[in-house]
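Once you've had a glance at the structure underneath, I'll fire off some questions.
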Amino acid sequence: MFDFWSIIRRFLYMIFVLWIVATIIFFMFRLMPGSPLTAFIGTTFTDEQHDLLVKRFGLDKSLFEQYSLFLVNTLKGDFGLSFTYNKPVIDMIIQALPNSIILTLFSLIIAYIFGVIAGAYLAWKRDTLVEGISIPIVLTTRSAPEFWLGMIALAFFSFQLDIFPSGGTSAAGVIYETTLSKLTSLHFYYHLILPSLVLALYLQGLPLLLMRSNMLEVMQEDFVTMSKMKGLSSWRIVIYHAARTALLPVATAFTLGVGFAFGGNVVIETVFSWPGLGRLLVFAVSSSDYPLAQGAFIFLTAILILMNFLADLMYLFLDPRVSYKTKN
Amino acid sequence: MYKRLIAVLAGFISSILLSFFVSSASAEEVRSMKLWAREQAAGPAPHTAALIIAQTLNELGLDITVNAVPWPQMADQVWYKRLDEDTWDLTMWQMVSRPERSDPDEFTYNLFHSSTAEKGYNFIGYVDPAFDALAEKQRVTMDPAARKEIIDQAQQHLADAAANAYLVHPLLNFAYDNSQFKDGSAVEQAGLGIKNIWTYLNIEPINGNKDLVAQSLDEIQAINPFFISGGTDSWITEIIWDRLLRIGPDGTPQPWAAESFNWVDEQTIDVTLRSGMSWHDGKPVTVDDVIFSFEAPMNAEIVPMYSPFVKNIESMESKGNNVVRFNLKSSNAAFLTSSLAKINLVPKHYYGPILEALDGTGNNAETIIEEKRIGSGPLKFIDWRQREQVILERNSDHFNPPKIERWIMKEIPNVEASLGQFRKGEVNFLTDYKGDPSVLANIVQEDGDITLVKSIDVGFQYMAMNHRRAPFDDVNFRRAVSLAIDRDVMVNAAWAGNAVKAGSHVSPALSYYHKDGITEYDTGVDLAKKILADAGYTVKNGRLHYPEGVVEKH
Amino acid sequence: MITEIYKIFRENNYATVGVGIYIFFILISIFADIIATHDPLRINFSSSGLARNLPPSWEYLLGTTSNGRDIFSQLVYGSRNALAVGLSAALAVAVLGTVVGLVSGFYGGWIDNIIMRLADIALGLPFLPFVIVLAAFLGPNSWNVVIAIGLLLWPNAGRIIRSQVLTLRERGYIESAKVSGCSNFRIIFMHIAPNILPLSFLYGSIAIGWAILTEASISFLGFGPSDVISWGYMLQDAYSSQALSLKAYIWFIPPGICIVLMVVAGFFISRGYEEILFPKIKE
Amino acid sequence: MLEIKNLSIHYIGKNYRVKAVENVSFNLTSGELLGIVGESGSGKTTLIRSIMGVNPQSAKIVSGEIFYKNSKILDFKDDSIKGDYKWKEIAFIPQSAMNSLDPVYRIIDQMREILIVRGDYNKKTADKRSEELFSLVGIEKNRLRDFPHQFSGGMKQRVAIAMALALDPKILIADEPVTALDVIVQRQILDLFNELRNRLDLSIILVTHDVSVVAYLCHKVAVMYDGEIVETGPVKDILEKPYHPYTIGLNNAFPDLHSTNDFLEPISDSLFHELDDLKNTFNSLSLNNEKLVKSDKFVSLKNKFTKLNTQNEKNN
């Protein structure tokens, strides 16, 4: 179907990029102002305690030693201990990851379903009043800061109208026995609605505009004209022929969007008290918890790079023309 | 070679420039300074206070800008770099309330004793042998009246030295939903407000409500009997794990897991363990467990956080009949508060093997990945979804079981969301409100079924000055700076009336040790100007200059 | 170039509206000292103490913040920060993207290779998290956002410009310039650069919106400076001072609207410009 | 069978108006092979697209009607087309089958779509019919499951023809059906047209800029120039005695399929330019075609064309 070795090469290259990013991040955190131990300062904080902490976190070693240790451990999947939580960083990340994934995918899916349909519709309605009004509105939703929309949504839908809960993944006292039982609980999705709608409102602009311009382009193509000549209904032409082809770049954009939205969710996670990876990063950075911040950042990067990689692959699979060329 | 040449040249030029400045201006200008403060989100009131203070002090001819940074950066500068060449001058700082701070010892000794100046909590670098003597003496004075006398002197001594510019003791704001809890069933603890174990035990759920749902703005990092990771987790650990004594609502230690205690002499105390107690797993609480609980922190490698609290214990022995004898290294008036009421009682059969396994691994008890959390407290641990909520359940076998069925703490990282959830009833006890008190007051008025309780904090808010550096090495300058700040403006403007004026490190909440009248002093820019002028400071071109002959160290 | 810009105005409503919004804000920021009624950072006192949370009045046109600062003046001065951040980010992206695209596309070979590898790394860094780390690294400062945008967003512009240069390079007149002995520098800047300036402009105008939105997010998360008034700072201030509960809509709605206007103006302009660059979309 | 009366189509934009088709009328009788010749931009594509009802929104029909079997299928007063005749009665073979087949579906799916959605077939009968059609146009039936890009150019054209024939139309409109193909394949396809016409009793409109194709295949020819039909009649008459200078030019521009010599001198560019200039001058003076044709300059140009023509004949 495609060239196996070129994919392996791309994959190795991906690892290389990840290593560079990890290195940059490692040194940025080490050279950052502020001591990670300040979190422990209290009236009873003694020198002895301080020295113990320094030793425990390996801060007494030279920067180079710390770096090589960091590389070796990271390769083993060990991101070290969080300074503040005293827990393995990887555990914290694994705990936060499902929440971020669900939030991201859920809102992206809403955004893309809406965006694709609305984009196709607006392409259909080209040069009409509907389009004249819609496009500026879409551009405006893309221009509004997410957290601001979140604030307003929270004030209105949660505090004022009391339709949705205001944050977190459950009401007080609800226990999810496992991650699976959480992800299959309706209660969880009820809490997911408001943050994902706000996020989706922000995200829908891209697929919408992309879909619209692709549709406009595809609608000019000969095979669409042919379909009209065949006397097929407009509906059929749009759905089966134009949209199918116009969707290809949108699908790629979706994959790229997953990687991108992961990092961008930081703000929404903060507004809606959503225990995801982004909020973990913000917390870790503001409390100088290097290992946690590093781990979270590397994960976010890995997801982004992986998604870029998948987007390339996906193009191969989805478009018969490309896969054909690669084959020959 | 090349580098050395440049260094020599630079030294030459700078010495010429320097001599030019010193000779041309007989009085040196007081340098521009930064007032360090935390960012606004961390607490709007101190942030506003910093802005007002800078604005006020600049009227004296100073050039002060507020430098608002996140806590790690601020603490790094103020704490770890206190001895650096280019360190801090002024910083906003706060002491928060904790049960053990109901005894004045901790603040009096740790904040100002010269032994803590270099690396410990005396980061301002206040060194005064006369005060050291007072601080040491109050520790070993067991007679309360005599001790009060010394604490009074210490407060006055610090006030005269203008050691810190005390601003306010904030009023703590707590609120609960009185459609879910019987009005008035919360218990106020001196200096801590109604967020305390006595409330949790006593509060009466009504109208079908069974749970107390509290909230925390900070993320909980651990629930571990050997670890204090932040303010919030100790609210939880103290109710899962019992202590021998507890600080009572009046601020004094009283028997708890200990039926009684008895001072044999100034360095020996016998404690009788309450009989019939059991751990959450059903096994009985024994004297062995008590001794284990106090011995574990003695190994600072394994339990570093609690080790300071057992430093003064020489040895322990079981005297039979549920009695444990503590032999102390020196007499200490605060021992009951800072040790017996501080150390969590843990079951040896569960934690013993866990701590043993840590020996020699380089890890300590703070890294325990808790499969179970077993204590003997009135509430037992059920579930913790990190960064979301902690759920505790009533321990019906406890000698003093709570009336609530579950105690739940939601981790909600911002004030606005916390308040929103409280109004919606998703949270029914507002335990951590750092926002605008007037907003809360409005809400109480609007919603009707909220009981608001305010109490004076044991802690205090102040502006610290770096005594190591000129001009803060001059008591007159410190006094002028401190007295320039109108405390009424602080209370009314920065804290919106939600605080009382502060004059010392002992809060009026500790009414016994608080020195009467210490908060009564005149303030104002004019007064400050007069003090400066009397001390020889002058203002030229709008900028304050040192008295003639005084030179800043470079 | 000038006729092109003129064309944008004449034929494209989007671009006209966008430019109109910019002119509005540019005027405001130039005359901020005259328009603003107060020092935006000054804490104001009234007869009854701190002038906190006051409703709009003639003295305080949009009321005051919880710190007793004048909201209207903050809004006015906020436009300066937004413009400064937005325009310098645009400049950074345009300059970096253009130079990189030109060099990479014209020289090719190992230079191109290295630059494209760097581009991959820049594109592999998650944007907002990176800005957060950078802000923690460099301390709270408005320029973090500009630096981050310069560091991370040049590849988008660079890649497109590079491929444009690749096609231009094969054109006859470039060949003849080479044959006639023009220096590479001359060829790049005299012959190729003018042809890709519109693209630089396009990517620059996209960066404006990005910069302003990112600055706001970073301020909101508490990584922004507290002594520089920006709209993002105002929103953060309003949020942490509980403007929602105070129902002080006049405090947190206007800065949001200003951000939206400024960003949407960037979109409008780039959209209008795109239609001129790639008229196919129009038909 | 198909009658077009006074059809005018203009492209109307915000600040422009282009006359694409101006006052065109013609008649197609049953079993007839009509060629429409014209250079690109002459309006021939707009003309046939209007028959298929697929012109873009900006193309406005300003006058005229189209009748199929005496029933009106298009009226200038009513922009929309009442259109069940499409594909069932009138089918279309595109210029470039490459872009006209949907790239993301297999051929069989596209066949089924026509047969099931537009015709009365079910899946089973549709597959059978598809195989039938493939054998009709000379492609192995196992290739039905391929994607469009897996076919060569000539094969694609055959696929397009098979699709056009799917629902037994009475009229086939072919837009430059062989332009993109090499000469040998061209001839194969054209022969296929002829064969099909005879076997299936089709009427065919063949639109091309290639006179030789028309000469090879058609009975009747209409020459379009600048939106108008400037000359029409039986192929022999028109090609042997061209009246319009454009026709003369066209006649010389392309190799004659009958001749063994594949090389013919192209129309001199300069002559065409002169013709265009002349026409522009006349247009700017609002003079009509008749006056143009009678003008001195035109006559001299016409002579030059004729000269060129005879030279070519000599060369042959």
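Every chain is named by a letter (A, B, C and D) in the order it is written, and numbering of its residues begins at 1.
The criterion applied here is as follows: a residue touches a chain if its C-beta (ideal position, glycine included) is under 8 Å from a C-beta of that chain, and two chains touch if they have at least 3 such contacts.
Nothing here was measured: the structure is a model prediction, and the numbers come from that model.
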Inset, instruction - Any chance you could name the chains that touch chain A and chain D both? - result: none
Inset, instruction - Would you identify the chain whose C-alpha centroid lies closest to the centroid of all protein C-alpha atoms displayed? - result: A
Legend entry - Selected interface, A-C versus B-C, where C-beta contact pairs are more numerous: A-C
Legend entry - Distance between the centres, which are taken as Cα means, of chain C and chain B, whole angstrom: 44
Inset, instruction - Return the distance between the CA-based centres of chain A and chain C, expressed in whole Å. - result: 23
Inset, instruction - Let me have the rounded angstrom distance from the C-alpha centre of chain C over to the C-alpha centre of chain D, please. - result: 53
Legend entry - Rounded Å distance, chain B centre to chain D centre (Cα mean): 91
Inset, instruction - For chain A, write out the residues touching at least two other chains, lowest number first. - result: 33-34, 151, 154, 159, 270, 286, 288
Inset, instruction - Would you mind listing the residues of chain D that make contact with two or more other chains? - result: none
Inset, instruction - Mark out which residues of chain C touch at least two other chains, giving numbers and ranges. - result: 136, 139, 222-223, 239, 244
Legend entry - Which chain pairs touch, all of them: A-B, A-C, A-D, B-C
Inset, instruction - State the interface residues of chain A toward chain C in the complex, per the touch definition above. - result: 13, 17-18, 20-21, 25, 28-29, 31-34, 136, 139-140, 142-148, 151-152, 154-155, 159, 213, 216-217, 259-260, 262-264, 266-267, 270, 278, 281-282, 285-286, 288, 293, 296-297, 300-301, 303-305, 308
Legend entry - Partner chain B, residues of chain A touching it in the complex: 33-39, 41-50, 52-53, 56, 81, 84-87, 91-92, 95-96, 151, 154, 158-159, 162, 165-173, 175-176, 270-273, 275, 279-280, 283, 286-288
Inset, instruction - Under the touch definition given earlier, write down the residues of chain A that touch chain D in their complex. - result: 127, 221-223, 225-232, 236, 240-241, 244-245, 248, 319-321, 324
Legend entry - Residue ranges of chain C in contact with chain B within the complex: 41-43, 45, 49-50, 52-53, 66-68, 136, 139-140, 222-223, 226-227, 236-237, 239-242, 244-246
Inset, instruction - Give every residue of chain B touching chain A within the complex, in rising order. - result: 70-73, 75-76, 79-80, 95, 106-107, 110-111, 119-121, 211, 213, 219, 221-222, 224, 227-230, 300-301, 304-305, 307-309, 362-364, 366-367, 369, 382-383, 385-389, 391, 406, 408, 410-414, 416-417, 420-421, 423-424, 426-427
